[in-house]
Structure formats: structure tokens, C-alpha cells
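Chain nomenclature is as follows: A, B, C and D, assigned in order of appearance, with residue numbering initiated at 1 for each chain independently.
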Amino acid sequence: MTASTDYTAQEIIVVAGSKILEDRKVVFVGTGLPMVASLLAKLTHAPGLIPVFEAGAVGPPLKVGLPLSVGDSKTFTSATYLKGLNAAFEMTQRGFADIGFIGGAEVDMYGNLNSTMIGNFPDGYQKPKVRLPGSGGASDMAASCERTILIVPHDKRKFNKKLQYVTSPGFLDGSPNARYNVGLQGKGPYRVITTKAILDFDEETHRMRILQVFPGETVESVQAATGFELLVAPNVSTFPAPTVEEVRMIREDIDPTQAFVKRSPKQTSDGIDSNDQMPFLTPKNERMLHASQQS
Amino acid sequence: MEKKSGMYWTGLSPDEAREKLVNKDKSMRDKRMPLKQAVAEFIKDGDNVGIGGFVNIRQPIAITHEMVRHGFKELTLSWQSAGMAPDYLAGAMMLDPDRFSIKRIEMAYWAHEAFGLSPMFRYLAERGLIEIEDWSNYNMSARFKAGAMGLPFLPTRGPLGSDITQTSRTNVVDCPFTGRPIALLPACNPDVAIIHVQAADMYGNCIIRGTDCTCAEIAMASAHTIVTCEQLVAHELVVSNPKDVIIPFLAVDAIVEVPFGSYPGACRRHYYFDGEHIKQFHAAAETMRKEGRSDLLQAYYAENIFGVETFGDFISKFPFEKILAAQTAESFNYERLA
Amino acid sequence: MEKKSGMYWTGLSPDEAREKLVNKDKSMRDKRMPLKQAVAEFIKDGDNVGIGGFVNIRQPIAITHEMVRHGFKELTLSWQSAGMAPDYLAGAMMLDPDRFSIKRIEMAYWAHEAFGLSPMFRYLAERGLIEIEDWSNYNMSARFKAGAMGLPFLPTRGPLGSDITQTSRTNVVDCPFTGRPIALLPACNPDVAIIHVQAADMYGNCIIRGTDCTCAEIAMASAHTIVTCEQLVAHELVVSNPKDVIIPFLAVDAIVEVPFGSYPGACRRHYYFDGEHIKQFHAAAETMRKEGRSDLLQAYYAENIFGVETFGDFISKFPFEKILAAQTAESFNYERLA
Amino acid sequence: MTASTDYTAQEIIVVAGSKILEDRKVVFVGTGLPMVASLLAKLTHAPGLIPVFEAGAVGPPLKVGLPLSVGDSKTFTSATYLKGLNAAFEMTQRGFADIGFIGGAEVDMYGNLNSTMIGNFPDGYQKPKVRLPGSGGASDMAASCERTILIVPHDKRKFNKKLQYVTSPGFLDGSPNARYNVGLQGKGPYRVITTKAILDFDEETHRMRILQVFPGETVESVQAATGFELLVAPNVSTFPAPTVEEVRMIREDIDPTQAFVKRSPKQTSDGIDSNDQMPFLTPKNERMLHASQQS
């Protein structure tokens, strides 16, 4: 398995996310890179992975390609159960989701996430500096999935000691039983995947901890890009670069139109993904994707 | 339980919602009418409008176009996750708040997933022009469900541990059975629901393909419901498999056949997204957000909304190849013989 | 909210129910097995058993026969309205409480509508042999739904103003949003659900025709679910219309093809009631209730339950004309070409 | 329209119940005589009546005949909406049911009903003298339908000052706003139909009141069969005997097998309907019924 030499930061996130997903488990898939990672897992080591999408699809084989939305028509084709949002979240609240796979714009050392607003909270809540999309289902997934995997681009502005708004609860203040005590279910964040490393949480303190660094990164470089002090696991290793085949699958089979995995992502001046290069998924691309995955 | 201090209802209180329904003619009658009439008859200034669909899936786009043409003031908009539907309403407010205005939104997400952020939302929010009440997708879905069930609230875990409990009317209490905290969410009973579905009969029995979203709950919770559908079909066809009916006629006031009624969003079995058009609309709004120039957005509305009489006229502006491409793209998702 | 004094859980507490599910293998695997094995593997003495169906519609009759053959002690039975399924279990207790016993029932209705009262219920209740917790149909349905939703309770209006609030664990509180009283019902999370459906695939994806009853809620609320089905069909057929799936494989532990599994009750699209057989069974039990003579009931069980190996053997005892009559009667309700 | 001379008590109940049902209204139909009355209404003056059954059927045309159960296959054929019990009761709680049509074994002067137990309550609750079937959906219908119609056979033992168990709330203690104050919805009982009379409730006191008597009965004879003092409406009239055609429809078209409308109902020694003469609905009868109603 030859290592890729031209993979992007998003691509290694996808590969890392995919490898964390175990076969035959139920994964509640958030929008964006989690969808790409879940599809890669299903096409490689985890064919029995059971994806659940918040708009209501349970267990689709995803043979018609990468969904552009968690309510996409593609999530419903050959799904085994298909209702609406309430049903998906009720199942999760009941305990049917082993893993929730979510993103956020800002994370703290206890794995709490912000996807609501940048600005002065609470006074500036009604007039934020940057208004983010809002929770979507992330807050619910964080509250009720048994474990969660978080994806956050590694940047000092995004790894903060104190969040401007807690949208999706992690270990809260990190105190023992903090989640249980406020009425939450599930054991909380399991992994954080960033553009630089894979992190987990210390069992005692619930503080974020470097588990593996990506090629070219060190414990020091990861810490330098983080706005709070990270713990360091014993024997931090380097997560291997994606293989040529993994990168090919992402680029050609899974996300050929760069719906989520950009070759060179653009950022707006305020650091928010603008997605302004979003291509229209043409029928031609569609057909190729479809054909390759049905084989 | 102690009464939550500072509690208020937007839209209808549970008792008002019940009263409206009790006094309504619930008979099975022909509810077909032009969209213009439906919007004029069932939506009023100041209403709480419940918006169906999810992000850009099966959003009631045709209805929002008609609402913009009609003009409404001081609306409260309620939904879980939405894209183009509130974009169209918000864009109208950006251009002329005296003609169209949103007072308040109650929602979980306003953006476009693969198609990016909403420049309209950023414009209105970052200038403090609308009241915002943030919830999660499950929160909003459960609030509509409470309304649909005739209950003042539903319990959920969803907002626990998050600042949503601080910025919303959530009431966190200790469960009287377990002793553990649980969140109670006040019901959402909109004055009017706007919904697009794949098929319906003239009485308003609705069939939805793909995600049900929270459409049935929104319709059942609201005092009035306007439904547009891709296909108006015979009642006998609908009841040949009554389990397909997700919204019963009882909950529907107006039914309008509007093919492509969710375009440029997607509608399962009918058409996939038109990302290019979404992008074009957003570019116009983003220019106004960033540079303050309204000319592009003005031009978009002039051409696509104010410059046409009906949503059919809007769809007719697209080249045939474009429409066919959207249909063909969807045919890969759901293959069937005609 | 203050914790309800004297509160207790039957079956699983909400936290236990969550824990059971979290630790369960939820993968999509072949769950076919003989009914005897399913009953032995997933039901234990002392369990709270959630019973699917409604009165004599789609009750899990074959499963109750197998439970009687196996023998269980100190069961709690939970359902909304039931007829023949608890009758078979209760009749076994009437004959030999050391071999089969019911400790407690939580339910809304135990009788047979057009087919009369249940002599078994009267026998056990009027002698004080079982604990009873009365609820309404909506109460029990909502309790299962709370369990299915992973909630400790749901609010309803149902029991307000009735003595059900006195004889059950209902907690009537003032709504924190409206100030008006509302009833909170504790969730019901059975240890095991027993359900009969029209069709399923080998993974346990289930299709139900006619009333869904409360079967999906009971299955989702329970730690384990045994499903019998009229037809075991290909997975591909089931997912060709995924909206038909009402119980997802995730909630099912054992799937057994048992044609006529609800007989002598009815099963939409398959067979209508066999009122004569219901009457014959009741006559035997009524004799014991009125006269104390157990010989007729003993003979019924000896012949129909203990005298056979499987439910198929029981069905084989009926003359062909009888079975055909039940199918033909149903064919008038649901006409279709083969 | 010739008056029938051989109608039974159950038949006049059915006819009276039918006439109270208005066309184009939603009626939540309980099991037994309410089903017969609703079908008669639909076949006569109220073709637009919308029946709802608690097992989940909404608006079936009932062209395949009289259901034997509120979950009967016959309630689902050509229904416009079809789910389960929760959906039916949630709709009712929301306000979709104009009328609920229920029976009971015992009624008091405020229209509260008992269908749970006869015996010493609360001490004898776990060992009743006679155990009745239980609420079924009656308690919910009484709680949330906008109005209710009650059917109770007229008998001094069944019309009692104090119920042994309140299963289905009527006007409770009759005090103003009693229903609203305990959290109930709907305006409460509308009519009581018995084997002797049609009764309503005084607007002020919420006490039961004789509205019309059945042929052969008088205000006095009705009072004599009642365990509490009845009010009497001004100008009590006699409800007309069923017509020959109405009786024919009940016997031949609607309930030819006497599933609910018996020619001579038997009673057990303790006054509970035994239904032990219940005939099996044979395919032959079925076919006739079906044929006659499809025409």
C-alpha cells in the first residue's frame, strides 16, 4: 500500500475518521466530511457499518453515491427504515446510535463544540460578530449518541479555552459524572480529528489529549496551534499518510465533484468556509459515480 | 411544577391552537385553489409560519415566492433546518423591509450543507435585524410534535448541557420519576404551515417520498396548512395504500399542484438540486452582505419573483436541458420504469 | 419537580433500558431461529413482557402458546387492549400456577369486543390472584412510546379526572408553561416484546398492514423483541419501499416465520377472526370460572397446546374449510389479485 | 316512513345515536353499538361523516361492512390515514375529534362513566366483585374529544349517584369549569342514550336531564329506573320509533350476524353482557353484506 504524497488535510481527516469507525456499528452521520468518512469506511473495512441520517434514513447501503445533505435522496435509496427527524432522534435518545460523527467551528479542552455564533455571549447573542448556521442536529447527537467523534480544523482560533457558545455538549466542565448529572446520556466525546492530529480525552480529567499526530506534525506543533494546554498520551505515534488507493477512492469514487473534500479549500476573510466554489453535481459525474459503486 | 418565569407563546398557545381546530370545518371537501389565493387567504401579517422540508430538501419554495409577491410584515418563522425557503423571505426583507419583514426566527440551522452558508442569515443576524431563538433539530421537531399531539410540551434530552437552555424557552426540571434533569420544550403551534409534498389528492391527503422531515408534525400543529404538491392524484389512488398518507386531509386547508415547487432544491423521485442556481442567488445576496450593493439581489428578485406571475413562469425561465438535468440526476437516486 | 413518592419501575428503568441497548449487538445479521429457541433464549421468569397487537387483531398467539409450553413464573404483562394472547397465558395459570404464573398486569382493556368478556381475566381478578394497574389505551400506548423515545415519561391528558390517576403511577403536575394540570406517565420498557407482523426479512425489518397498533413502540422500548411473521420475504423486497418498514431490524432479536400466528384472532390481508374457536376456548374457561370445574379447560390445553410440538401442529388440527373460510372472509376486506 | 313495531331496545339506541351524528363531522367511534350507529348515519343522512377508530383508521367509507373491533381490517379498507393507537389519540388530544361515542357499565348524574370494576373502591380494587374490561380508549375519548355521546342501558343499578370507579370523566363534580380546572379538554358529555330515553346536561349545573323519552316511556318511568334525581327539559317529547326501513337496514345491511345488535340479548346473572351467543361472521354473510353495500 503506497503512501500518497499529495493528499490534502481534508483527505487525511476523512481517512482517519473512516478508520475509527468499527464494522457493524451504528453511526449517526453529520453533514460534510463525516459523510465522506462513513462512505469510505463502508467501502473498505466496515461494509456492515449502519449509517443513520438525521432526516430519517437508517442503514442505507449508499450505493447511489455521496449525499450532499443528511436529508438527501441518496440516503433513502434502499434504506431499511425511513421516517423523519423525530424518529431518527428518538432512536438516538433511546440508545440505538453507537457513534455520532459531528463537526463544529470551535472546540474546548473538554470536547464541547460551538456551531452557533462568534461574538460576545450572552450580551451579543442577538447581534453576533459572525453568525454560524446553528446546531442542526449536532447538539442532539452530542446529547444522546453513546460516543461522539468530532472533526475540527486545527487552528488556534478554533481550539479555545472557553467557547463563545456551547452548542453541543462534550464533557462540560470535565468534572466526574458531569454529563450524567445534567441529564445527558452516552459517554461523551471519543476522538477529535483535526487537520494536525487525532486526539482523545483523559479518562480522569476528561481533558483533550494528543493520541497521534499527522505526518509532518509533532506534539509541539499541535500544541502550538491550540489555544489551551493539551495532555499528551504515552507513546504518541504518527498516523500514517493515506494510501494512494484511499486518496483515489475519495477523489474518484466518493467525492468526484469536491462537494465536501476540496483540493484547495477557500476561506472567507473571517475564516468561515464559504463553499463558494461549490460545483453543481452534474448528471455526468453522477452517472460515473453510480456506475463505479454498483460494480 | 413551578410556572416558568417570563414564559410567552409565539404563534398560538396550546389552548388557542385547540380552539382554532375545534371551530374549523374538518370535512373532506375539495381544497384545490390557486396558490395566490391560498397565500392571501391563510397567511396574515404577524403570523408564526411553520416551514416544511429540511435544508434544501422538499422546501416550500413556490409558496415563499408567492409570499414575497404578496408581501407580509413581522412574521415569525419556525423550522428545524432550512436553506432556500427562508433565504427567499430574508432576501425580500434585505431589499425592502417595509414590504416584507421577519420579526423573529425559531430554528436549529439556517445554511446549505454542501452549498455553503446563507448570506441572508448572516446579513440579518450580524446586523441585529431579527430576533433569534436557537434550538436543535430534535428540539424544533419535538416542539412541532408537541403541538401536533395537543400537548403544551414534550420532554427531550437534546438541549441539556448546552447554551440552548440559556437562549431559549427550554425549562430544565428534575424528572419526577428518575430524579435526573430533563428538558421540557414548549410546543410550537404555528398559525400557518407551508409544506411541499410529492403527491396529494384534492382533499389534502398527502404522500411524501424520502424524508418525512417534520412536515406532518408541522401541519398537524398549525391552525392552517397550505400544501403544494408535485402531483395531484385521484383520491382512489391515494387510499389504495393508506399507509402512504403521512398528512391526512383533516390537517390541510389548501392544496395546489405546483410541479417543481421545491426547485432549485431537491424533491425525491422528481428532481435533484440545482446547485448552480442556488449559487447564483447566494452570490447576489453575498454581494449585498459584503459590499452593501443591493443591485444584484434586486435584479434577481425583479427577474425571478416580481417579474413573473406564477411559480410556473419562474420554472419556465430555465432552459429545458437544465430541468431535464435535475430530473435525470434524481433518476439515478430512484430508478423506476414509467 | 418533586420526585413522586413510592415510584417504582416494572420491567426496566429508563437508565437500565438504555444500558441494555447500548451493550447489544445491533448489526444487521440473520436472526431467524425456531420459535422454541427464541422463547427460551429471550424470555425469563419475572420478566415484564410487552404484548403486541390490539384486542384480537394481530396478537402474538403463536408466541403465547410456546410460552405456555415452556412455562414461566411471576411475569408482568403489559399491553393496551388484548384478548386471546393474555387469555392463553392466564388460562395456563388457572390450570397450574406452579407451572405458569402472572404476577401483574398493566393494561387498558382485557376482553374481546364483539366476542365478549374474558373469563380468564374475571377469574384471576375477582379472586385477587394478580396485581392490576389500570391505564387507558392512550396511556399504555404513550408509556411504550416514552420508552421507545428513550424518555422517562410522556405527558398526556388521558387519565386526568379519572380514578386511573389514583390506581396507577401517573403523576399529575401543573404544566410549567401553561399553569394547567397535565398528567405525566412513566415510560414502559419491557424486558421483552412479543409481536406478530405480516411480513419481515431475515434481519427483522418488519412490515405491518392495517393497524400498526403500538407494536413499533413496544419493540423499540423493549430490551429484546421476538417477532413472528406471516411471510418471511427477501430483504430486497422489503427495502424496495422502505416506508413500509415500521419496525427496523435494530429493534429485533429473533424472527420466526409462523403462518396464522395470530389465529384464531385476525390478521389483515391474511385471515379474519375465527369466532367459533374463540367461543369454544372461552366456554371452557367460563365453566371453570363459574363452576370451578377445570376439566374442559384442561382438555383444551391438553389438545391444543401441550399435545402439539409447534403452532403449525395446532393450526393443522383445523379442518381445511375452516382455515379457508378465515382467509376468504378477509379477502372481502382486502381484495387483491394473487 | 312507516314506524317499526318490532324494534328492540338496542335498535332504537342505534337509530337515536345515528340521528345525533351530524354530517361532515369527525366521530371517534367506540366499539359496539357506536359502530352500528355510525354506519347507519353514514348510510342515511350523514354520508360525509368521518369515522375515526382508536386503532388508527381515519375516515374509512366502511363499505366492506360492520367492523367487529375498532382495530378490524374493515376499518382500514380505503381509509385516508392509517397508523396506530398513538396517532389516533394524539389527533384527538389535538382537537380533531368533534364527537366521541362511548359506552359504559355505570354512569352518574354528571356523565362520568365506569367501565373498570364493580366492587369496593379503593380497598377492593385488587379484588373486585365484578371485573369489567377496563377503560380501553374510553377514558381518552372522554378526556379529549370535543363532545361525547354516551350509551348506557337504562337500569337503576347502572345509573348511580356515586360511581364505584370513574373510568371516563364527564363533568366530574359538575362545578363550573371542573373539566378545565383538572386539565381536560373539550366541552364534555353532549347526550346520553339509554334503553328508555335521550338525555342531555343542564348548562348551569351539568346535571343529567331528560330530553326525549322513547315510545312507551314517560318522564316518570325513566326517573323510576334511575338511581339519582334527573332534571327534566322543558317540553319533553317522545323520540319517534325507528322506521321499518331503519330496522331493516340494521338487521339486513349493517349487522346481519347480530354481532352487536342482538334480537334478544342475554345477560349473565351479574348483569354483565356475556355475548355468549356471539355468532361467527361467516363468509356467506360477509359476502352478502359486502355486495349490498357496494351497490
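One rule holds for everything that comes next: a residue touches a chain if its C-beta (ideal position, glycine included) is under 8 Å from a C-beta of that chain, and two chains touch if they have at least 3 such contacts.
Keep in mind the model is a prediction, meaning the values are calculated, not measured.
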**OP:** Give the fewest steps needed to get from chain B to chain D, where each step moves from one chain to a chain it touches.
**Re:** 1
Original post:
More C-beta pairs touching across which pair, A-C or C-D?
Top reply: C-D
Original post:
So what's the Cα centroid distance for chain A and chain C, whole Å?
Top reply: 41
Original post:
How big is the gap, in whole Å, between where the Cα atoms of chain A centre and where those of chain D centre?
Top reply: 57
Original post:
Whole-Å distance, chain C centre to chain D centre, using C-alpha means?
Top reply: 27
**OP:** Please set out, as single numbers or ranges, the residues of chain A touching at least two other chains.
**Re:** 57, 76, 82-83, 93, 144, 185
Subject >> Sequence positions of chain C contacting 2 or more other chains >> reply: 150-151, 156-157, 175, 180, 182, 209, 243
Original post:
In graph terms, nodes being chains and edges touches, is this line, ring, star, complete or other?
Top reply: other
Original post:
Every pair of chains that touch: which are they?
Top reply: A-B, A-C, B-C, B-D, C-D
Subject >> chain D-touching residues of chain C, taken from the complex the two chains share >> reply: 54-57, 80-81, 107-118, 121-122, 125-128, 131-132, 134-139, 141-142, 145, 156-164, 166-167, 172, 175, 180-183, 209-217, 266, 268-269, 272-276, 279, 282-283, 286, 325, 328-330, 332-334
Original post:
So in the complex, which bits of chain D are touching chain C?
Top reply: 31-32, 54-57, 64-65, 68-77, 82-87, 89, 93, 116, 121-122, 125-140, 142-144, 165-169, 172, 179-185, 259-260, 272-276, 278-283, 286-287, 290
Original post:
Considering the complex alone, what residue numbers of chain B touch chain D?
Top reply: 17-19, 21-22, 25-29, 148-151, 203, 205, 220-221, 235, 238-239, 242-243, 245, 248-251
Original post:
Considering the complex alone, what residue numbers of chain C touch chain B?
Top reply: 1-4, 7, 13-15, 150-157, 169, 171, 173-180, 182, 184, 186-187, 209, 243-244
Subject >> Contacting residues of chain A [partner chain C, same complex] >> reply: 24-26, 48, 50, 57-59, 76, 78-83, 90-96, 98, 144, 146, 185
